[in-house]
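Next up: some structures, all given as C-alpha cells.
One chain, chain A, appears in both complexes that follow, with chain B as partner in the first and chain C in the second.
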Partner chain A sequence: MRGIFSDGPRTALTAFYWAFLLYLLLPLTLMMAMSFKDASFVAFPIGNWTLDWYGKVMQDKQFLDACLYSVMIAAASMVAATTLGTWIAMLIVAEGIRGRMIIFALACLPAVVPGMISAISLRIFISTIDMPTGTAAIILGHTVHAVPFVVVMALTRLRSMPGNLVDAARDLGADNVVAFFRVTLPYLGPALLGGMIFCVLLSIDDFVRTFFLGGYRPTLPMLIFAKVQGGMSPEINAMATIVLVVTAAVGLYAEYMTRRARTR
Partner chain B sequence: MEPVVQFDQINKSYGKHVAVDNLNLSIEGGKFVTLLGPSGCGKSTSLRMLGGFETPTSGRILLSGKDVTRVPPNKRNVNIVFQDYALFPHMNVAKNIAFGLELKGLDNQRIHRRVSELLELVQLQDYAHRLPAELSGGQRQRVALMRALAPDPDVLLLDEPLSALDAKLRQQMQIELKAIQEKTGKTFMFVTHDQEEALTMSDTIVVMNKGRIEQMGDPDTLYGRPGSVFVANFIGETNLLRSTVLGVEGDTASLNWNGITITANQGGLTPKPGEHLYVVLRPESIHCSVTEPATGNRIKGKIRQRVFKGNHTSLSVDVGDGTLLNALVHPSDVAQLSGEDIWVGWKAETSTVIPDRQAHN
Partner chain C sequence: MVSRQTTAGQPIAYAASAPKYSTRIASVVRSPLYQHTLGAAVESRIGRVLLLTGVPLLWLVMMHLGPIYQMLKISLMSHYPVQQGVDWHYTLANYAIFFQESIYFTPLIKSFVFATAATAATLIVVYPVAYYVAKVVRPEGRSRALLLLLVPFWAGELIRTFSVIMLLANRGGLNVLLREIGWIDRPIPMLYTSFSLGFGLVYLICLYMLLPLYSAIEKIPVQYMDAAADLGAGPFTRFLRIILPLSKDGIVSGCSLVFLTCIGVFATPMLLGGPNTVLFPETISGFFHGASNKWPVGAAFALIMLVTALFTAAIFMRLVGGKKRSAF
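The block that comes next holds the complex of A and B.
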C-alpha cells in the first residue's frame, strides 16, 4: 500500500486544488449567505434568515433601471462586436490577404491592453471627435473590448472548416454572399453563439471603461459601486447574488449549447 | 455531334511550374471519361478549370459550345463531386440535395419531387432527414453524387471521389457509379490515379503525364495497345522487353531481345530494322509449361519466386542472365509447375511493340 508520504507531489497537487476551490468559493458563499441575513449589518453570526432583501431589491427602481440599461448596452455592443469580429476573422482567412498576422495582432490588441489604459485612451478619443460621454460611447468602448474574443472564437472555427464547403456551394450556384449566409455562417454558428454570450458577459461586467465613458445614467456595476461607497448592506449582497446567479446560468448555458453544436 | 466539353490549347502554370501543358481535349456527351495519371500530372487542375475554380493561363474551355473560360463556378452548368464530399454539415440529406435546386429558383413542389426521385435512385429514401455526420462513408458518397446531379449539369465532375472508401466499398461504388451514369445518360468526367477504377468504369480513358495527354482511348486499347512506356507501366502490370528490330512481316515484327529472337504485333508502327523498341508483354499473356510449346515465342527459364495471390499465382521467371519475366499462372496449372525449370511461351499477337521515347529524345 502506498502511504501518504510516498506520493508527495500528487498529494500536494490535490491539496492545492481544494485550497484553490475554497479560496474561490468562500467569498462568494459568504456574500450569498449574507444576502439572506435578517439584519442590516454584514457580519456573523446570522441570527435569523430572510428573503426581505431580495424583495427590496426587486422593488428598487434604480436597480431595475440599471439592469435594463446594462442589458441594452450589452445587446448593442454584442451585435456590433459579433459583426465586426466575424468580418475580421473572414478577412484573416481570406485568400490572397497580405499581412494577416498584423490584422490579427491589431484585432487582438484590445484584449491585452490594460482596462485602465484602454479606458483613458477611449475617453481622449471621444473628446477629440467631440462625442459626448454616455450610451453611444459606452457601447463603442465595450465593442472594442469584445471584438478580439469574437475574432479568436470565429477564427478557430473557420480554420476547422473544410476548405471546399464554400467551393461546393459556389459550384451549386451560390454567389459569394449566398455561400456566406447559407454555408459559412451556419458553420460558424456555435462559435458565434459562444462569442455573443461572451460579449454580453464582458459588457455587463465592465466597470473601468463604463466609468470613464459613461454619463449620468449608471449601469449595474456603477450602481453597485455607488451603493458600496455608502456602506455595505445585505441589499448589495442580494443584488450581487442575483447578478452572479444570472450570469453564471447564462455562461453555463452558452457552454452547453456550443458543446452540443460542436459534437454534431 | 458537338462535343460537350472542349479544352482548346489550355495552359496552366503556377509561377515556373507548368501544371497543364497545351491540353487539347474534346469530350462527347453521355460518356464516362476518366482522366488518369499520377499525382501532379495536371488531371485535378484540368477538372478544377472546368469547374471554374482555376483560371487557365491561356487557352479556351468550351462547355456545350459556349466559351466559359472566365465564367465563375456558380454561373456554369457543371457540378463537382468533391474528394471528401464537402456535404454541408448543418443540412440534412434532403436539404443538401435541394441546395442547387433552390438556387436555380425551382418551386418547392418540384424540388421535393426531384429530391425524392434522386434519393430513390440510390435507395436512400429513409435517410432524407439524417445529417451527413449520421451517414456511413458510402452513403455520404451517394448523397454527394446526388447533390451534384440534382441541378442537371451538362457535365458531372468527380474528383477522386472513391479514394476515401475502403477497398470492398470502392469496388461496389465503381459498379454503382457506372450504373448511375448509364441510367442518367449524363457525361461523367472522373479524375483518378487508380488505373483499376479507370479500367472498370470508363468509356474513354485519358492518360495524363506531366501536364500532357499521354494517350487517349477506350480501356481495351489502352491495356492491349499502350502507346508509350509510361502508359504500359501505369496501366496494369507489364513486362517491357527492350529489343532491336530485325524485320517486319505483315503485322508481325521479329526482334532481337537479349540475343533471343522474338516476334510481336507491330502495333500500328512501321518499325525499321535496327530500330530500338519496347515489346509490351502482359503477365497473363505468358503461358508456363514443363514441356516446350510447339508454336510461338518460347524461352527456357527457372522459377525464382512464387507469390500466391488467391485467384492466381505470380511467377518470377529467370530467362537467363538474371533477366526476369513476370507470369500469371492459373491455380489449376500451378501443380504441374512444381520444379524449377519451365518453359515460358506467348503468341506473337498477344504482345505489341511501342516506341522507345528515350531513344528519340
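The block that comes next holds the complex of A and C.
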C-alpha cells in the first residue's frame, strides 16, 4: 500500500501528534509534580520533594467525606441512569413504535443542552415540585445528564443483536420479561458495563449541576473549587492527583471492557 | 399507539406448562408474586405496551422536557417564588431587560466570540491529530494512539482547569521555563486573561472534536486517495478535494458539540478568566445566587442563551451541510 502522503508531511504529522500529546499531558504532569513540593508556596521550580501533602490529605476529614459523598451520588445516579437508559433504548428499538425519531431526540436532549442551562432548568424544576436542594436533587441532575449516553451506548449494541435470539427465547416459552433478562440483558452486558462506568465518571466530574442543585455538603469538585478559590496550596494538588489517578484507572478499565465487548 | 408482536405463537399455551429454567430466574418466574403481576402483565398486549412505554415515556416527558418547560413558564412570570398576597402576571419584561443594559448582552456576545474562537482553534489543532491517528498510524496501533490521547480526559473538568493554572501562572511551568532559557526577564501575565481562558477552553474540550473527526476520517477508503494520486493530484489537492469533503460529517458534529459545550462552561471562566472575561453563564448565575434573587430574569436569560446557541449550531450544520444524519 502506498503512503497517503509522501514522507515529509508524514513526519510532520507524527511530530504534531506527539506535540499535541505533550500539550495534553504537560499541565497535568505539572499539577501532579507540584503535589510533591516541600513548601507551601505554589511556584516552580520545585526545590525539595516530599510526600507530606499526601499524608495531610489522607487525614483531611473534609476530603474523605467529599470522596464518600461523591461516590455515593455517583453510584445512585449510575444505577438510575443505566436502568432508565436501557429501558428507553428498548423502547426505541421495539417493533412497531411510532415516533421513534422523536423519542430518540427527546432522549438525547439533555446531552445537547449546555450544562449551565440544564443545571438552571433543573434548579427551577425542583423548586416547582417543592424538592429541596441536596443529595436527592444532585442524584436527579446527574441521572438526567447520564441517561442520553446510556441510551446511545445501549442502542449501538442492540442494533448489532440478531433479532432471532429473542424470537428463539420466546419460542422456547419465555415471556417478554424473561426474554429480556435472560437474552437481551446478557447480550447488552459489556456495553452496559462501559456505560455504567461512564455514568460514574460523569457524575464524579460534574461541577455545574452540583453547584446549583447541591446543599452545604460538598462533593469532590465542589471541594476542590472552594479550595482553589480560597488560595493555592500543594495540598489541593495532592487531592487532585489522587482523584485523577483513581478516575483515570477506572476510565482505562472501562475502555478495556468496551473494547473487549466490541471485539467479542 | 404502540404494538409489539409476539412471534412465539400463543404465549398463553406455554404459560400452562411451566417452562423449565435451570437458574434462579425459574423460581422468580414460578412464584405467585411474579405470575400475578409482571407475568400476567406481559400476557396481554396492553400490559406489554404499558411495561415497555410507561416508565421511559414518563421519564422523558417529566425530566427531559419538564425542566425546560418550567424554565419557560417562570421566565414569563413577573414574580417567582410567588408570595402570599403578591399579584403576579405573565409578562415579557424579563426578556426586555436583556436588551436594555449592555452589562447583560455584552457577556452573551463575549460568550459567543469565545465559543466560536475556541471551536475554530480546536478544529484546526485537532484535525491533523485525528487524521494522523485515523490514516497514518497502522491499524494495529490505532487503539493505542487514540487511547493515549484519551487518558487526560479522565481527569474531570475542574482538575484539568486547575492544571492549566499550574502551567500559565506567573510562577507556573511556562513562565519559569521561558525565564530559564532567558527569553524573558519578568513573567508574562498569562493567567486571568482572555488568553488563559481560551487556552483552558481548548484544553478542556478537544476530546469532543477528536472523536467525531477520527471516526469520520477513519471511514474514508484509502483507495480514494490512491486513485486521486494516480490521477495526478498532489497532497494538497487530495486533502482539499477528497479528505475534507468526506470528513464533513465529523467536522459538523465535532464543531457543534464543542460549541455547545463551550457556551455552557461555567467553572472554567470563573477560575481562569479575569474581570474582563465575565461570560454569560456567570451573569445568569448571578440571578440565582446572592441577594438579587431574580429567578424569572435568570430563566429568561438562560432561554435566550439556549435558543441562540442551538440556533447558531443549527445554522452552522445547515451551512456546512453535512448529509442528513439519522439515528438509524
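Quick note on the criterion: the second predicted complex is superposed on the first by the 252 of 264 C-alpha atoms of A that agree within 3 Å, B and C clash if a C-alpha of one lies under 4 Å from a C-alpha of the other, contacts with A are read in each partner's own complex, and residues count from 1 in each chain.
Note that a contact is a pair of C-beta atoms (placed from the backbone, for glycine too) under 8 Å apart; a residue touches a chain by one contact, two chains touch by 3 or more.
The structure presented is a predicted model; accordingly, all values stated were derived computationally and were not measured.
With both structures placed on the common chain, the touch criterion links A:34 to chain C but leaves chain B unconnected. By the document's definition of touching, both partners, chain B and chain C, reach A:167. In the superposed pair of complexes, A:189 makes contact with chain B only, with no contact to chain C.
Ranked by how many residues of chain A each touches, chain B and chain C are led by C.
By the touch criterion stated above, A:230 is placed in contact with neither chain B nor chain C. In the superposition on chain A, contact of A:181 is made with chain C only, not with chain B.
After overlaying the two complexes on the shared chain, residue contacts for A:10 are found with chain C alone; chain B is out of touch. Residues 167, 170-175, 178, 182 of chain A touch chain B in one complex and chain C in the other.
Of all the residues in chain C, the ones that touch chain A in their complex are 1-9, 11, 14-15, 17, 19, 21, 23, 25, 29, 38-39, 42-43, 48, 51-53, 55-57, 59-61, 63-68, 70-71, 74, 81, 125-126, 128-129, 131-133, 135-136, 143, 145, 147-160, 162-167, 169, 171-173, 176, 203, 206, 222, 225-226, 229, 235, 238, 260-261, 263-267, 270-271, 281, 284-285, 288, 295, 298-299, 302, 305-306, 309-310, 326-328. By the touch rule above, chain A contacts chain B in their complex via residues 162, 164-165, 167-175, 178, 182-183, 186-187, 189, 264. On the side of chain A, the complex with chain C involves touching residues 1-2, 4-6, 9-10, 13-14, 16-17, 20-21, 23-28, 30-31, 34, 42-45, 84, 87-88, 90-91, 94-98, 100-101, 103-104, 106-107, 109-110, 112-125, 127-128, 140, 143-144, 147, 155, 167, 170-178, 181-182, 201, 204-208, 211-212, 220-221, 224-225, 228-229, 232, 236-237, 240, 243-244, 247-248, 250-252, 255, 259.
Per the touch definition, chain B reaches chain A in the complex via residues 51-53, 72-74, 78-80, 82, 84, 86-90, 99-100, 103-104, 131, 133, 147-148, 151.
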